[in-house]
Amino acid sequence: MDTHVKTGGRPVKPYENNRARMLISCPDGPGIVAAVSQFLHEHGANIVQSDQYTMDPEGGMFFMRIEFDLEQLEDRVDGLKEDFGSIADKFEMQWNLYQLSHKKKLAIFVSKEDHCLVELLWQWQAGDLDAEISMVVSNHPDMKEYVESFGIPYHHIPVTPDTKPEAEQKQLDLVNGKVDLIVLARYMQIVSPALIQPYRNRIINIHHSFLPAFVGGKPYAQAYERGVKIIGATAHYVTEELDGGPIIEQDVQRVSHRDNVSELKRIGRTIERVVLARAVKWHIEDRILVHQNKTVVFN
Amino acid sequence: MDTHVKTGGRPVKPYENNRARMLISCPDGPGIVAAVSQFLHEHGANIVQSDQYTMDPEGGMFFMRIEFDLEQLEDRVDGLKEDFGSIADKFEMQWNLYQLSHKKKLAIFVSKEDHCLVELLWQWQAGDLDAEISMVVSNHPDMKEYVESFGIPYHHIPVTPDTKPEAEQKQLDLVNGKVDLIVLARYMQIVSPALIQPYRNRIINIHHSFLPAFVGGKPYAQAYERGVKIIGATAHYVTEELDGGPIIEQDVQRVSHRDNVSELKRIGRTIERVVLARAVKWHIEDRILVHQNKTVVFN
Amino acid sequence: MDTHVKTGGRPVKPYENNRARMLISCPDGPGIVAAVSQFLHEHGANIVQSDQYTMDPEGGMFFMRIEFDLEQLEDRVDGLKEDFGSIADKFEMQWNLYQLSHKKKLAIFVSKEDHCLVELLWQWQAGDLDAEISMVVSNHPDMKEYVESFGIPYHHIPVTPDTKPEAEQKQLDLVNGKVDLIVLARYMQIVSPALIQPYRNRIINIHHSFLPAFVGGKPYAQAYERGVKIIGATAHYVTEELDGGPIIEQDVQRVSHRDNVSELKRIGRTIERVVLARAVKWHIEDRILVHQNKTVVFN
Amino acid sequence: MDTHVKTGGRPVKPYENNRARMLISCPDGPGIVAAVSQFLHEHGANIVQSDQYTMDPEGGMFFMRIEFDLEQLEDRVDGLKEDFGSIADKFEMQWNLYQLSHKKKLAIFVSKEDHCLVELLWQWQAGDLDAEISMVVSNHPDMKEYVESFGIPYHHIPVTPDTKPEAEQKQLDLVNGKVDLIVLARYMQIVSPALIQPYRNRIINIHHSFLPAFVGGKPYAQAYERGVKIIGATAHYVTEELDGGPIIEQDVQRVSHRDNVSELKRIGRTIERVVLARAVKWHIEDRILVHQNKTVVFN
């Protein structure tokens, strides 16, 4: 294969070794920003970017994303986390710290339609998705050579009504503990609760409609039937409720009476791939916090 | 009141006296365009604009909008219609002919929220809605002086559960046979089937969501609850099914987690008024054909 | 006149008495966020919202908008400002503190086209523009009664080549020191440097093109001539360079070959009024910082 | 290579053998539509789709696109064209007839940036671009293996100041008379007048700005410098004037102060590839007529 498609994934840039991001959710109250920024300052960190959002000043939830540089981060990160514990306890924080040098590992699930996969791989090899793609999993063999040409392992796990439980177990064995994020890139099977549970808010699906319109199967046929003038796509985290999880991103495009179902599908493909890639990028960049069934996206 | 707001509605321009539009729907078949254009040519008419659309070349429906000039149209229009009968019969056409000099008469129904009404009146007095506004009907007295300052009659018909049938009869008496189009500009009552029937495909409602998402009441609260990233509005013809009629136009705007219900409403107001005004404009300009529960819009 | 249109401007809400916003620009460096948030925390303030942006972590500029609540703000604000001086000095900050209870005073300049003025007044009376409209200034008398029906003074100052200097002096006398923001709502005269200087970054103009395309006069005619497929409008702060000041907001809409100059103008009016109103709203809400010839907008 | 990427280009569908499109431009006058549709009807053709546009009813230009089915088209097309001559003469028409079974042949020119090429090849192999891709021409060798994996010949023609005339001659020899359309998919060299002349209105370029803003080199750097809030891309036919040819399609995306030049480029790549692919698709489907320096696009 050619060198063109093999360059995917970009190396850690020097500044990334000392950069980290924190995502924090907690009940709002006085002094949170002061405490966190004071803590970082005292530990020698320099805040590069900070976003916060309070759902309601009177007793609502507080969300924060903070990006900072700290010399010799790798050596000091464990101490930093430990020291942060008392602040976290005081404000009842849920929090995570991500180092930019530790790239997230992705598994992409796909069926026969390739546009979302092609987009993700193209953005990845252009350096726009700063993650490792650890594997592609599919219930069809079609994309095997294409995926492998990028140097990415391809696992063909057929799914039939009979073999479903067994197939799901195989999937779980493949990914569990080995990847950080699962992307359903037009994977046309319903994923098992056994997979959803350990990957709560870490499985992103692209639904080919503007949710909550047209939940379930054949959304473009439904859209055509209803005669809508705009179609859309929705990227969301997967929950046990079909097409009901927290929405990350949506986008739309204008259509007209001239567009039949097959035209809607064609137009929709471009929306789907762009929306999915945005959602994946934001997840990789630690821009998304989930509260109840909604997302806060700092972008 | 000042002269500024009284200029609404524009006079018939000279060229409009001799201009007409035909809207035609029929089963598709060979020779329709040829027959219609030949007919018009032989009668001395000059086609200014023509749009057509065939749902499916093999046995589908054919839709046409044709705009033409004919000298001394007013005197010749009856003869023209009569002559067209044989073509219409041959192709089983449903058709209408509209003269531009005969401006459509509108009734606008409104409740307390004024933004859609203000938009329609502003566009009307700017000359962008080429129609007569015959009356405004409301279940509240709030906008009376404002509307009357434009020289437009305002009918306050209160609606309570007890007086609903009586109020609907009053509405029907006011409009029936006197207006060509009813615009529900955020009129928050369900209109009576007795009104819908004679005004089939001639009542335009603005629904404050991107239908079919969030049918029914409080769509912005529903949208907030679901955490959508885009909100919209939908203009549709009113049928007996709530928010289920043929969609004329939709538009959307991006929102974020920062937007609470009241922000969504504020953003939504701008979408609603623009979408409703577009739909009304297209209806006035005879750009909309309805087939089953969908619209063909030649715009 | 009716009560409907007279309700413009909303009263100070209770929580606003104790709320303020700070806008800060300074060279980036370690500890800024910590210092500011610590300062506010020690003074008993609770941060409600905070946004920051660093142009370039290595030696760039740092921008911050911080919104906070402080009990008995009115009595304590002077002390707060004084105390903040040492932090401001240390980090070489340019900064401002705005109290929400002190509503900004606006002068709107308009010529003959009314759509931007109508929009601003409609949004204002709907409570969406949280400011006082102190006056409308125009070189034409046309909108006098309309504006006065809102209870807003209207100053008709004709401008001719001969009287221009004198007219500009009158304008300056009217606004200087009396209003906080001047909005050129399709005011078709070039404003005097004598006005620009004291109102640096406080005069907002709406230009009816997607700048920097079609600088200067007749932009819709220029757009038609060039055959663009999208038209736009641009709100910007006024500088001595014609249509060259810092861009605050832009928006666009798709057009086609069917749209002649007059259609472009009609479509453009809707873009212009929405873009201008957004820019004015953001300025009123202290969301805009200017650096060199560009804006940072925290929205 | 795998079968996945080799399926590009779709076979002629049965109905396409008998389908053709006519593009007509002429001075407007009475009876044109009637004459054309009557002519087609008398020759046994069935009009499937027809679009027309008159620039100005009084003495303007008339544009028409008409799609029709005719049994045994291949055998009868020469006769049809000959018979049409008298109508064409009478109305001073410029016209072309395209058979759907004769697929257009494309040459794609590319330099180092691959996103537009990748998009075109993906849409082509998905069957959305109904043409033959005869060759890819590049001044760099980078994409050779990638392109050849689709079974498409790749011609590497280096261009240096010294070898430019010679290189241009090679290009001309490669394409002239052999391809119907040249697509500059981020080809970073100025093409020679010797190529433009025979391919008048048949070379499509993608410019990475919202023209006419930011003509020439480094448009994203220019856009960043000016602080625009929306960036765009423009597909246009190439003329002798740099970035000055007839605009076919444009699209835009919102950006903010947070986006530096490299982010603008990243966002822009998605606009560029979509806009270029749309323009190419419309050209292939005979939807574009050029008049003076503007396009009429029937889509």
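In this document, chain identifiers A, B, C and D correspond to the written order of the chains, with residue numbering beginning at 1 in each.
Here, a residue touches a chain if its C-beta (ideal position, glycine included) is under 8 Å from a C-beta of that chain, and two chains touch if they have at least 3 such contacts.
None of these values were measured; they are calculated from a predicted model.
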Steps needed, at fewest, to go from chain B to chain D via touching chains: 1
Chain whose mean Cα position lies farthest from chain A: B
Distance between the centres, which are taken as Cα means, of chain D and chain A, whole angstrom: 36
Separation of mean Cα positions, chain D and chain C [Å, integer]: 43
Residues of chain D engaged with two or more neighbouring chains: 53
Pairwise touch network: line, ring, star, complete, or other: complete
Residue numbers on chain B that touch chain A, as the complex places them: 53, 56, 210-214, 226-230, 232, 246-252, 256-258, 260, 293-297
Touching residues on chain A, where the partner in the complex is chain C: 15, 30-35, 37-38, 40-41, 46-54, 57, 69
Of chain C, residues touching chain B in the complex: 1-5, 114-115, 118, 122, 126, 128, 142-146, 149, 266, 269-270, 274
